[in-house]
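Shared chain: chain A. Partners: chain B in the first complex, chain C in the second.
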Partner chain A sequence: MSDNTKDQILDFVRARYPQADIDESQDIFALGFVNSLFAMELVMFIEKTFDITIPNDELKIDNFRTANTMAELVGRLTPARV
Partner chain B sequence: MTVIGVVGAGVMGVGVAQNLAQTGHDVVLVDTSEEILAAARGTIWRNARMSGLMGGPVLDPDGVLSRITTAVGAEAVAKADVVIENVTENWDVKRSVYETMDAVCGPDTIFIVNTSAIPITKVAAVTGRPDKVVGVHFMNPVPAKPACELIPGVHTTAETVERTRDLLAAMGKKAIDVKDACGFVSNRVLMLTVNEAAFLVHEGVATAESVDEVFRSCFGHPMGPLETADLIGVDTILYSVEVLYEHYADSKYRPCPLLKQMTDAGLHGRKSGRGFYTYAN
Partner chain C sequence: MTTLAEIAPDTLQVTDRTSARAFVDTHIAPYADAYDRQGRVPEELLERMTAAGLWAPFLPREAGGAGMDLVTLGEVHEEVGRGCSSVRSLLTVHTMVSWAVQRWGSPAQRERWAPALSRGDVLAAFCLSEPGAGSDASGIATNVVARNGGWTLNGVKKWITNGQRADLFLVFARTATSIGAFLVPRNTPGVEVTPIEDMLGTRASLIAEVSFRDVALGPDALLGPSGFTAGMVLTGTLDLGRYSVATGSVGIIQAALEACAAYASRRTVGGSLLKDLPLIQAKLSDMVTDARAARLLVAEAGRLKDAGEASTIMATWVAKYFASTAAARHASEAVQIHGANGCSPDYPVARLYRDAKVMEIIEGSNEIQRITIAGQAEREII
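Up next, the complex of A and B:
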């Protein structure tokens, strides 16, 4: 997991909710920010930006609560670079 | 085996079809072109895939789609036991669809009108079965919402209402009984709330951020009314307020000029990138 990954995800979330002050460890589900449209945008953004396909069984709330957990998911799904 | 016809594959029809399929119903989903239906199948697959992330059940998207047959034209629901109609909120379009359905469907088929504005009794009057026409105001996104408004028209029988309530229960929905009046409960209150919130911004009483903050922080609402307006679409909000204003001829529904100006300016909310807030694309 790189800080860059986390920052890119955080920038995306902040751009969608400019009125809110969101940091990397805040639970965006608990804050009530995640609706179906945003959830899909978030998954599409992550898959496209980091060139990964998230398996169906990883599409669960616990993986997407914070920028930190999303960056960890990206780290798990990204092939090790040589 | 009960077959449910779903007419209209827009946002609401797609949600209704997915909700039915994931709760074990066989669905015939119809619209006016193969292109629309292909897009609808793609949307249902993606939405079913996202279900677990939205707090719903983890679904097999291919399994959900396998229960849905698609076809062009309202005639394709001829063999359905129940039809849920979700076409655009345009009276001429709705009337034409009901005339077609009434001609091709069996006499026992129930017609469920999914509308947020059009009176159920008016729809029932263009069919030869006003006793079997009933309104349901589904909320978006349909599969994620635990309740909906259930609205009998003047001639709807108790049997039709109870059969509909049973179907809704099988879809995981609690039906809330509401009488047939424009806007029902939900839109009478929500649209006026959004309209008044827009007036507060228009008059400079508070910023959009402050209005929404009051609802989130003081009332515990997950979203404020102007964030909600951006999500629904500012143009859609204006249209709904105008429908209430025209129907009731009551000045309390006077649309806020700011909503008109934003609609004219293309500031339609999240879908256009800017409304009361600005969204990065």
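Up next, the complex of A and C:
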């Protein structure tokens, strides 16, 4: 997935948690600050920014652990553009 | 009893604020004090609301709704709240469950429930609070156990708006790993409803305790994802409920303002109309200003919802906090302006005062609002 996707996701997470030092492979759940409010915001942000709908069976914690895994999720759900 | 078919032909369709205002002024506001005294919204009004398309107009057309945007929905709920907070409460919980089914339901769940919810053939209630857990949702004791390919549900839910009447309960319960949301039809064996009477406010909103004893549910009862995102079903559903309560709180401020503006223009003390007294003018000016400010905060939260922006969640917290506290303040001042009349059943302000207090407790109490808003304060640095 493009670096641009990762960067946009990282920008969103860092804006919410400026005190945390987060890179693309950092497990944000391991940092302990993800609550259901932030989880909801994250899903809404990804759906809106990348114009996708995340189906229930993709709403798994492993898809949201890092910017890398979120970017992969976006890649899987984005229709190939010709 | 009057049937829907008899009511329907002369019932206006509610499609926006103007038609909602007309519906409320005709069918709700004149009777709100009577509902309050009787402690129930009558079945006839519920049927009229069905005929007006009021229950879930935001659902997409393919689900039987009208595809109404959430800004307009907020305006409609404000108007209903202006007329009667009990009726608005019924709409709020039905809205929450309808939204949850649409947002998180499988195609089969949506097909089964959404059209009936949107028509109002099935009325819904939202079951989170318990005798031992309110603000702290993680403290709920109601639980489900996976059994025979389905689920067995046990527990007690309290303060359930529309619990007395609802056909479908959205029940939050502990699973082995997290909290899940379960769709439970009222007629499932083991479901028992006990009315709760004589509440302080929203007295006509058909509140009940609902208990679930060894209720056997199929695998299709679980709504939405399980695991870590299960909390999102709750967060998202409460977000829409909070939005509706915020709009209803604006409605209370507006109703207080309208009652006070009329009363202050008629009542004289010491040869002066109340409206000419500076201390009364101060109260009226604050009502006007807060009604507008609260309405704008709500509209902004609705606009962000329609745009799918994540920032709607905090915008909704802020709108509800502002609107509910302003409603409680102004409903109290409305009683004050009416003097002894304000304490009597002859004027609507006593009802507004009692209803407004409830707005500071439900969908995140004042204290929880402040904790949440303060917790995100650094976001406001611009």
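Everything that follows uses one rule, which is that the second predicted complex is superposed on the first by the 82 of 82 C-alpha atoms of A that agree within 3 Å, B and C clash if a C-alpha of one lies under 4 Å from a C-alpha of the other, contacts with A are read in each partner's own complex, and residues count from 1 in each chain.
Criterion: a residue touches a chain if its C-beta (ideal position, glycine included) is under 8 Å from a C-beta of that chain, and two chains touch if they have at least 3 such contacts.
This structure is a prediction, so every number in the text was calculated from the model and none was measured.
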item: Chain A as common anchor, with chain B and chain C clashing or fitting; value: clash
item: Contacts of A:18 with chain B and chain C, given as first, second, both or neither; value: both
item: Contacts of A:56 with chain B and chain C, given as first, second, both or neither; value: both
item: Chain B versus chain C as contact partner of A:32, first or second or both or neither; value: first
item: Contacts of A:48 with chain B and chain C, given as first, second, both or neither; value: second
item: Residues on chain A lying within both footprints (that of chain B and that of chain C); value: 15-16, 18, 35-37, 39-40, 43, 56-57, 59-61, 64
item: Residues on chain A engaged by chain C in the complex (per definition of touch); value: 15-16, 18, 29, 35-37, 39-45, 47-48, 56-57, 59-61, 64
item: Residue ranges of chain A touching chain B (in the complex, touch as defined); value: 12, 15-16, 18-19, 32, 34-37, 39-40, 43, 56-57, 59-61, 64
item: Parts of chain C lying in touch with chain A, wherever the complex brings them together; value: 104, 106, 224-225, 227-229, 231-232, 234-236, 239, 307-313, 372, 378-379
item: Residue ranges of chain B touching chain A (in the complex, touch as defined); value: 46-47, 49-50, 52-55, 58, 60-61, 141, 144, 208-209, 212, 216, 222-223, 227, 231, 270, 277-280
